[in-house]
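Chains: A, B, C and D, in written order; residue numbering restarts at 1 for each.
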């Protein structure tokens, strides 16, 4: 009696699981590289915006550096650090990708910091803010430039928020502060551009 | 901030500010379905708290124990999680019926409802894929944080349900225009209630 | 064949999942802030509903009753994951808008409800009809809501990049429509209107 | 299409599938609940409305209590005589059962004078909190139907006079309406022997002068009914006519003489077709509503036509 019930119930469930898992694995293998490509393309596009002069971006994979950056950034998560090189190959700045708390959810930002530690550009990779309200941080052309040229987390903190989108703009501000703190923690361009 | 305030903020955030029902719109089917009398709501809220805690633990273990090491977590997490939740709900239902009929009578009939409850899957997935459900997290949860977070979400669910049921019972007696009577009035009341819950956000400065 | 159409249209009006059965509300209210997003959501739901109804009714003789829920759920979850992956890979902009609500189709009460109530007891063809009918009913309502909320909330209607209608930058419309409470209030009025219409239909029918 | 990934995916989901099956299969075997058959039988005999009148949260709890002899066979008030006898028969016991039904002791409704126009929540409980209620009479019915909503057997409905009418066939005497009514305590609604043919439609303890000021249908303690009653069933108790159902033979003399039409027929006589009652009883206003309700129930309960009854 014991194994009868296990087999009677087990076989159909097992068959369905196997077919489902195989099907999904196959779909995944088709779309995996496509998704990967999309993510890389989005990243490169944002980095290009924040550091226009750079030709290519070399991701930093050294765990020590990433660890220091992460610690400095506090409760903002550092998603990636890239060394930006110009045509001649010499590093001209660092691109930092962070995820900070917005109103509707996490906001993924890209911040470019040039050789002497000044913010070269800020852009929003993706966010979940409410259209029409939170999205003001993107629509309002004057907001992001306010961070350009700042070189310390304290300076970034003084930038005031937009009315009607306080939380979203506070999210962006926290992102920039974290990026600057991380930049200092990893010792600026020199500390990172190990050839 | 210290770890304790971090966890407390997480709990309050999940329960009130990012209340799963009224500010993030998840699990509305049960919200409007069973909120017409207080007795059923209490039973349902208890069942949801109980099942959600167990489900989140099970899914956390399944994800970090098996899916992530095998590297299949990225595309297999939906069927895996929902399978675990469905099995867990059915098992709990049978267990309760055998060992505590009193508890089963109070809570049992709602258990099948919970399998199709979006909140359980949302909380379970959020713990392992941060920020996925627009929650304000940017880092992966440890098991302890998952339990605290799920406790917050389920208590928030119960809280929203109770406050809405009280409102609805009162609405049935109020002089409401004929075409608005019943569900439409409930929706409008829910709209106003959700404005209240969103207002809580600025209270804690989250 | 006639019954095929009857079942199909049934999902659209008589048993419209949203206004009549009142299930599947979670994604409707949240996603319907954009017409484009709502339409893609509707199409995704139609695909998942039709395919899972098809498979569930095809294998209904081999599914033992005790474990029918887990089997249904794995089937539905697989189709939802396929939609999730395809959207993530090939339509990143739509995915970033819908992102969160695709996996929730699995626990969307319409899908599992129809699977258990209809597909498990009927033939493959009828189940597909029911799936598509319910999906169309869902899409109709969610797109209507999406168009209304996007237009009156943010003042412009953008579909696949090109702006169809634009009230101009000076538009100071009720952007609460774009927020969650707005969705509740709007849906309440929509249901009230449909109740009022049905009520008038019924009374007129008695009179005739 | 790397095979390893597919294998790993299949392995992962299958392991979860097997765990699910193992869990559910053992649960199905180990947790098969054997319910004691007599509880099942008793539960079958109970009305199953979970009305709570017997003090147990549900019929299932009541059935367990009766099976375990913790509760008498007549626990189920709502079920009445038939249920008690059925349970007694299951348990092999004999039972004595006095059937009881709810009665309204107020004839006011639209006739009662209003203190103020009440626009708030349409519920008796809430109007009672506002300066003692919207009607002058301190024992009268507000007519917002809390009792009608609370009745688990929907044996009550509001009639055009704004008073609850009790359907004698459906009412099981569970007493929930008496508990629900804010003036249930002062006797507005009361449980009494269901064989009584008449009922006094007033329960005000105020002086006759105040009663008359508050309502045109009140008992003015004129004692005419007391004198007219051949068996002394109706007597004056501190200024209010009170009926003793055992003694009352249903001759309706009191109904005929009462100048205020405050005593009327409970409709128990409704079991007799209208024609059998002499003409004057049919004319009493109070009679029409209760009789109509009982008539509807009686026709519904007995579908096949009975011999000479004309409607």
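Annotations
Heads up, the rule we're going with is that a contact is a pair of C-beta atoms (placed from the backbone, for glycine too) under 8 Å apart; a residue touches a chain by one contact, two chains touch by 3 or more.
Quantities reported herein were computed from a predicted structural model and do not represent experimental measurements.
Central chain by Cα centroid: B, whose mean Cα position is closest to the mean of all protein Cα atoms.
The largest tally of C-beta contacts between two chains is found for B-C.
Rounded to whole angstrom units, the spacing between the C-alpha centres of chain B and chain C is 22. For the pair chain A and chain D, the distance between C-alpha centroids works out to 68 Å.
For the pair chain A and chain B, the distance between mean C-alpha positions equals 29 Å. In this assembly, the C-alpha centroid of chain B lies 40 Å from the C-alpha centroid of chain D. Within chain D, contacts with two or more other chains are made by residues 5, 8-9, 12-13, 16-17, 20-21, 24-25, 28.
Taken residue by residue, chain A touches two or more other chains at 9, 13, 16-17, 20-21, 24-25, 27-28, 128, whereas all remaining positions touch fewer. Shown for chain C are the residues that touch two or more other chains, namely 66-67, 70, 74, 77-78, 81, 85, 99, 179.
Arrangement of the chains shown, judged by which pairs touch: all-to-all, with no pair of chains left without contact. The touching residues of chain B, counted against chain C in their complex, run 22-29, 32-33, 75-76, 78-79, 82-83, 86-87, 90, 115-118, 120-122, 125, 132-134, 178-180, 182-188, 190-192, 194-195, 198. Chain A meets chain C in the complex at residues 8-9, 12-13, 16-17, 20, 23-24, 27-28, 30-31, 34-35, 38, 42, 126, 128, 130-133. By the touch rule above, chain C contacts chain A in their complex via residues 33-34, 59, 62-64, 66-67, 70-71, 74-75, 77-78, 81-82, 85-86, 88-90, 92, 96, 99, 150, 153-154, 175, 178-179. Of all residues in chain D, only 1-2, 5-6, 8-10, 12-14, 16-18, 20-22, 24-25, 28-29 touch chain A in the complex they form. By the touch rule above, chain C contacts chain B in their complex via residues 22-26, 29-30, 69-70, 73-74, 77-78, 80-81, 84-85, 99-100, 103-104, 106-109, 112-113, 179-185, 187-189, 191-193, 195-196, 199.
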